[in-house]
Structure formats: structure tokens, C-alpha cells
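Next come two complexes built around chain A: one with chain B, the other with chain C.
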Partner chain A sequence: MKRVLAIALNTFKETVRDRILYGLIFFVLLVLPGSRLVIPLAIGQEIKIMKDFGFAAITLFGLLISVVVGTTLVFKELDKRTIYVLVAKPVRRWELLLGKYFGLMGTLTVSFLIMSATMTVTIMMMGGKIDGLLGYSVFGIYMQFVVITSVAIFFSTLASPALSAAFTFCLFIAGTAADQLRLFADRMPGSFLKVAVNAISYLIPNLQNCNFRTEAVYGLEVPLSKIWLMTAYCLLYTGVMLILGSLVLERKDLK
Partner chain B sequence: MVLFCAAVVLFLTIAVQKTIDREFLSSEQSVKELLYFPSAQAVKLFAGGNEMMIADYLWMRMIQYYAYHMRSDRRYEYLYPITDRLTDLDPKFMYPYTFGALLLVHDASDSVNSMRLLDKAKKMNPDKWEFPYMKGFILYIFLKQNDEAIREFLEASNLPNAWDGALRFAAWISKKQGQRKTSKLMWQQLYDKSSSKNERDVAQYYLDKITIEEEIDRLQSLAEKYRQLHGKWPKNLSELVVVGLTKSIVLDKFGRSYYWNETDCQVHNGTHDRYLRMIGKME
Partner chain C sequence: MEHILEIDRLTKSYSDWDRFRLKSKTVLDNISLEVNPGEIFGFLGPNGAGKTTTIKVLMGIIRPDSGRAMILGHNILEKSQEVKKKIGFLPENPYFYDYLTVREFLLFCAALFGISGKRAGNKADQLLELVSMTKAAKLPLRKCSKGMLQRTGIAQSLINDPEFLVWDEPVSGLDPIGRKEIKDLMLELKRQGKTIFFSSHILPDAESLCDRVGIIVNGKIHQVGTLPELLKNSVNWVEIVAENLSGRIEIEGAITEEVSGQAVIRIKDAAKVDQALKFIMTRGGTIVSVNPQRENLESYFARQIKTLKENKE
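Then we have the complex of A and B:
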């Protein structure tokens, strides 16, 4: 575990230096004055639109960080051959992968805290109500990126950054529509197609589980059991991705 | 030199864009583009969970569209399609339904789509009293369809957290129509449901008024029967008791009597007379 933590800490420092903070500053500057621009157009719906805009912005920036940084983390080590130094330490390959993942998650966590604090302050300044539902929604988005980051890192063990980014992005889009896939499966002709589409819908990460925006915006109830189940699902899926990534890395010929 | 060329080319690009905007971009044009907006289903597939924000964008475009046409030609052909699209994306966004329905009937004279929008609202949000209430309001105020309005107000009044006004309106409309029985039921329901003493007093007032009117009607029909039997109107209501048409003539709840007016050959009541004087229907 000490090795994993050491790599994680190093990755955290590396990703922060990777100009991510500039993106966050841009976010803060975008959201706060941007919200003021919305007011004349919103006709009494300022708080709702601010929440929707805030959630979308957090999702966008979170996706950018996960995909752009996550897909290059392991690839960079492989490409620059710095992985040899680490493996000779000795650091096991799965420890390297885990360390990279936790390091990036550290950066994402700090980013999420800053972005959600910015959104909360903006909503308060506009006179909106801050309640637990807002927290659930932001937590849901965060858990989406716990999963997506693991997916990005998995793909980075397989392919180049460009391809990994494309695959991760596609899986993100598919993941937000996973339950719709199951609806389509029901309408498929033939049982084989039904089973195949259904299977795919279960294999891709169901990120819709993490979507509590409607509840946060309209003040609807969220059962606590749903939060627990969503968290368990995301952690399990992340585990699968990290295990697969470790397997790929273990079998990779580093020569 | 290179920078100067870049600046010139940029300037020309902006100039061309301004020309395009002047020639082709109008509120109408930008809204027509929205009609080529993919279906809500397709948008939801690719929106990455951000369909509510896209709905907000459509909401702001709808407001701009309305404001533009309100100041110019007052034609709102695309008002319903935009509202329909945005409520497909965010079915719980209440304001477009109610505001949109009102604009459609009031400004666009499009009652059909106004009702269609509210029916959709009710279907997507069955526990929201605001939608049947708004439908009832529009049916009564704009479309003069009182029976349907009453049904909608009653439906609204039975939904959670409903404003008591829905039931009051339903009762008031029924009473105005002479649908006294329905009105009495509605006032009774309001009386039973309300936690406010003032509201119960108002409901009780109308219940007493209806009871008096019912008794007036009953006695009037007995007087008519008397006339058919004896060929003349009674001189007073006691005669109805004497001939056995009724057991007794009771006083109303406030201790005032029912009496026969020989001038207009109608049954009257002291309390009811006071009410009619109050509203200027009696001297």
C-alpha cells in the first residue's frame, strides 16, 4: 500500500502541475459571471437554470479532466519508458496502475470540491435554496467520474491516448443512455438480438444510476437505498476496470 | 506583417458574418432551425445527462421568440412546437406548460394546442395540482366551457397540496350555473377539508345560502301545486300546511322566516333578502 500511496501522491502533484488548475479557474470565472448573464433571459427560472448549468459544467470539466489526463497517465510511462525504472524498484504493475488511478482521483476530488463550492456559492448569491439534494446530485456526478476515470485508465493500457479518449468518451455517452438501450433491446426483432443488446447494456457502465439532477432541481425525494446501491455499483464497476487494466498491464511486453 | 494580414482576414471574416446575420438571421429563422432539432429521444441519447440544460436553452429561446413577435407581428406559429420540444426534454419543468398554455390561448389564439400542452403536463406530472387548475382556469375564462372547467378544478382540488381556491372556484362556477347540488357538495368538501376557520366560515356561509335557496325552491314548487289544485296562489305559506302539502314551515338557521310575496307570487326568505340587497339585486 505504501508504494501505491507514493505513486498516487506523485501522480497528484504531476496532474496538478498539468495546468488543470487553469481549467478550474476558467470554470470559476465562467460560472459566476455566466450566471449573471442568464438572469434577464430566464424569466423567473434563474435558480433552476443555474443548477442545470452548474451540473452540466461540472460534468463537462470532470469529463475533460478524466479523459484527457486519465488516458495519458499510463501511456506516458510506457511511451517514455519510465515504467522500467518503476518496475525495477520493485513496484508491481498493478500497484502502478492503482497509484495512478488514486492520484488522478485525488486531483478530480479537489476539482469537484472547488467546482461544487463555486456552484453552491453562486446559487446562494442568487437566493436559491441549498439542500441535501444538491449534494446528492454532485456526489452522483462525482461517482460517474470514479467510474469513467477507471475506464480511461483501462483504455490507456490498451491503446494510444487519442483512441483511449475516443473510447472513453463514447462509453461515457453510452453509459448515460444505458437504460435506454435496454428499452431498445425489448423492441429488437429476434431473441438473439434482444439478448445481445441487453448484454451490452449491462456491460457498459450505467451512469444514469448516478443522475439525481431532476431530483435536485425539482426537490424530489431520493431514497437513501438508491444512493447506497449507486455507490456500490460504481465501486464494483471501477474494481472490474482496474482489475482488467492490471491484467492487461501485467501481460504487456514492455520491450 | 503576418500579424497584420491575420488581423485583416479576421476583420473580413467578421464582416462577412455580420452580412450573413443581417440577411438571414432573424428570430423566425433561428426558431425554424429548432424545428430541425432532433427528437427528445435522440437528444437524450447523446446529451450525456444534460438534457435539462438543453431544455433551459430552448426555454430562453422561446422567451426571446415570444418577445420578438409580441413587439412586431404578434404571430406565434412556432410557439407550440418549441414548448412541446422543451417539455419533451424536461417533462418536470412546470413553467413552460403553464406559461406556454396561457400564451397559446391568450396571444396565439391557439386553444387546441394550449389544451394539448396542459394534457401533456397532467400526464407527465399526475400529482401536480397546478396543471388541472390552469386548464380549468383557461376553460372558464377564455373558452367559456364551464362544465369542463368545473371538472378540472375538482381534479386539481383532489391532488396533494392543492390550493383551496380550486375547490372554491369549482363551487362558485357551479353555483353560478345553477348546479346547486354540485356546488353544495363542493362547499361541503371544502368545509370538511379546510384547516382554516375563516375558510370554513366562508364554506358554511355558502352552504347555509344553498340550503335556504333549496327550501325556497321547494316551497315555490308546493305553491305551484297549490295553484294547480285550487286555481289560485296561496295568500300565505300556512295555507300549504293547512291543505297538507307540507308538514310545517320552518325558520331558517338564522331564525328568519320564509314568506309568500303576493306581488310577485314568489317565496321569499328574510336572510336571502338581505343577501340580495347586499349584492344590489333587491331594493
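Then we have the complex of A and C:
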């Protein structure tokens, strides 16, 4: 576990010292408070719109960090041949992958904390109430990226960064509409198509499980069991992705 | 454990698409060699011969198609963790995490061996001093010259105090002073009982360092042995230096010249050396030295490659 931690810390340093990340966070810090200038146009709905806007901004920037950094981490190790030094040390390949994943999750966690704190302060300054629902929603978005980062890292063991980013992005979009895909499958003509689309809808990550934004915006109740189930589902999916990524990396010739 | 490294019929090929056809190229063809404890072994060969591929297989970077490699008595595929704890590796043209400083990188490498805290700091500082990089400790790796990266690479390969070192082109990219320092370091490490396996293009350096060398050409081991063994049949001429010789020197097949009052006689045919020595004695001359002039590794190597190419044609 010490080796995983060492690699995770190194990956965290790598992403933190990357200027792109600073650019993204700086942009969010500007966008969230800046949105207050536009929101007065929606009279009486300011807080709701601010929450919606905040969730969208956090999702967008989380997606950018997760996809852009996640799909390049392993590729950069291979491309710059820094992986040679790691593999020649007593580091198992799954430890390398896990270290990379945890390092990036560290960066994402810090980014999420900064972004959600900015959003909370902005809402409070607008006179809005901060409740547990807001926390559930941000946690739900965070769990989406726990899954999507593992998907990005899995694809990066198989394909180039551009292809991995495209696959991850498509899977994110499909994942946010997994329930609709199931409804769509029921209306497909022919049993084969029905089974195939249904199977796909269960294979892709169901990110709709993580969406509590409507509840947060309209103040609807969310049962705690739903949060637990969602967390367990996301962790399980992430685990499977990381195991698959490790298996691919294990068999790979690092030319 | 008889050998530190034992390579037994190692084979590796790569497949690549060539105009819609998948072509397989054998880069290592049944190679076998052994490295003995405490020796410096030079792994020599022209570009593309298979040196780096062999090293990559040994380090677990790529997998062989067939064959077996044992390091410190362990099969590298079955007991790679045990093996890797006791070895140090320097890759060719090393490139490290450019966002780290030299010292941070060494601490990171130490952490991968479970060395942390003060012990890791002390070890990193010792190694920085060993490779003359103390002043550059806080320099980001992206600002390091090629020579500095090479030294950092050597330092990281020693972080776990390994028994066996595998260095891919350790002196490439270094200036003459840097090369001398690394060569001295290799001899010092040998004195400490470490075994070194290194690849090189710089043959005079290999010649001055190696106990034994292996020559690989086109993925096949061509020769393995000590330098005297490899060069034993390659006496170019015998050089005799004599003093107090008067008159004309007439020895069949010899080239003679006078250097600083001494006669330097070069004889190609070793059988005529006795005749030359008798001639000098009878003329009252004093023999200063008799030296067989052997081919050096560089010309031996070039000759072997040329012969191989001619045989192929």
C-alpha cells in the first residue's frame, strides 16, 4: 500500500503542478460569483437558478479534469518512458494504476471542495439556505466522477488519449441517460435488439443514480438508503473498471 | 547461486503491419548468456542489435515469447518482486518526471522501496554527492541537461543499495570528465562487490571497464568472453624496441624507424620475432621491450560486424 500511496502522491503533485488545472479552478472561481450578475434577470428564482448553474459548472469542470487528465496520465508514463523506472522497481502494475487513480482523485477532491465551497458562499451571499440536500447533490456529482475517472483510466490503458477521451465522454453522456436507454430498449422492435440495448444500458455506468439536483433545487426529500446504494454502486463499478484496467496493463508490452 | 544473471534461449519478436500484411520481426533470437557475481559485464552491439530489448525483458518492461531469465537465482517472470528489490536499473536516455526536483525524484524512488523519512533523505543526499549533483538537488528535472539526467538516473538506480545493476548506455550523453567519473564509480561499485551489466556503444570505455563482454548482432549473441579470450587471435604485429643498435637493420618483413634514439621494429609475422631478437643481440643491441600489439575492442568489433555482413550477403 506504501507504493500505491507514493505513486498517488506523485500523481497529485503532477496534476497540482499542471497549469491547466489552475486555469480551470480559476475559471470556476470567476464564473460562479460572476453568475450573480446575470441571475437577477430571473426575478424570484435567483437561488434555484444559482443552484442549477452551480451544479452544471461543477459537473462541467469535474468532467474536464477527469477526462483530460485521466486519459493522459497512463499515456504520458508510456510516451515519456517514465514507466520504465517504475516497472523496474518492486511496483506491481495494478499498484501503478491504483496509485494514478488515487492521485487524480486527490486532485479532483480538492477541486470539488474549492468549487462547492465557492458555490455555497455565493448562495449564502444571495440569502439562500444551505441544507443537506445541497451536500447530497455535490456528493452525487463527486461520485459520478469517482466512476468516470476510473473509466478514463481504464480506456487510457487501451487507446490513445484522444480516443480514450472520446470513449469516456460518450460513456458519461450515455450514463446520464441510462434509464432512458432502458425505456428505449422496451420499445425496440425485435427481441434481439431489445436484449442488446438493455444489456448495454446495464453495462454502462448508470450516472442517473447520482443525480439529486432536482431534489436539491426544489427541496424534495432524499432517503439516506438511496445515497448508500448509489455510493455502493459507484464504488463497485469503479472497482471493476480498475481491475479491468490492471488486467490490460498487466499484459501490455511497454515498448 | 552460480550466476547473478542467467539468460537461457530468450526469444522475442514484434508484429507490425506492412501494407495490409502482419509481419513478424524477431528481435531476440534464442539468446543465452551468464553474468558472474562481482563482474562488470559489457553488453555490446550495433544500433538495433537487441541490447535494449534484452534489458527491457530483464526488467519486466516487455515479456519474452519464450526462454527464461534468472536474476539472483529467481525467474524474473515468476518472482519479479523479489528480483526487483535487489536490482538497480538505468534506462537508455532517461527521462523522468519533469515537475519534480532532482531530490524529490530520488525520495519518490526511495518510497517505492519502502524507504521513507530521514533514512530516505540521507540516502538521497549521499547519492547526490556520489554523482556530483548536490548543488542541483533543488533543480527541477525539466531544467536538467542530458548529463545531469544521466547522473540522476544512476543515483536512482542505487537508491535501494542493489546487488545487481543493469545500466543501459550509462556513459552516453556525458562529457569526457563525466564519463571518467561514471567509469570510476563503476569500478568502485565493483570493489564494493556489486555486479554490473551494462550496454554501450562506446567501446574504448567498455574495454577499459569490462571483465567480460557479450556481443549481440541482429538479435543473436555472437561472442561472449573475457577481452583476452576474444582478442587472443588478433595480434596485429609485435613491436620490439631496442637501443645501441648501429648500422642498417635488415630483418625480413619488419618495418623499422628511429624514435628518440631507439629503434622501433614492427614485425607482422610472429614467427620472425625470434630471428629479429637474435639479430639485435648479435649486433650488440639492448632489447628495451617486446610487445605484441593486439587489436583493440573497437576494431575487433568492427571486423566481426563486417564479417557477419559479408557472410549474410
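Going forward, the second predicted complex is superposed on the first by the 244 of 255 C-alpha atoms of A that agree within 3 Å, B and C clash if a C-alpha of one lies under 4 Å from a C-alpha of the other, contacts with A are read in each partner's own complex, and residues count from 1 in each chain.
In this section, contacts are C-beta pairs under 8 Å (C-beta built on N, C-alpha and C of every residue); 3 or more make two chains touch, one makes a residue touch a chain.
Here the structure is a predicted model, which means the values were calculated and not measured.
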Partners on chain A (chain B, chain C) - clash or fit: fit
Touching partner for A:Q180 - first (chain B), second (chain C), both, neither: first
Touched partner set for A:R81, first chain B, second chain C, both or neither: second
Touching partner for A:A6 - first (chain B), second (chain C), both, neither: second
Touching partner for A:R92 - first (chain B), second (chain C), both, neither: second
Inter-chain angle, chain B to chain C through the CA centre of chain A, in degrees rounded to a multiple of 10: 170
Touching partner for A:K129 - first (chain B), second (chain C), both, neither: neither
Partner chain in contact with A:F53 - chain B first, chain C second, else both or neither: first
Chain B and chain C, minimum CA distance [Å, superposed model]: 32
Complex interface listing, chain A residues touching chain C: 2-3, 5-7, 9-10, 13-14, 17-18, 80-92, 253-255
Complex interface listing, chain A residues touching chain B: 38, 41-45, 48-49, 52-53, 55-56, 59, 63, 144, 172-173, 176-177, 180, 207-208, 211, 213-214, 217-218
Chain A partner contacts - residues on chain B that touch it in the complex: 41, 44-50, 52-53, 55-56, 59-60, 63-64, 92-93, 95, 99
Sites on chain C touched by chain A in the complex: 14, 56, 59-63, 80-81, 84-85, 87, 89, 91, 94-97, 99-100, 104, 108-109, 111-114, 116, 153, 156, 160, 166
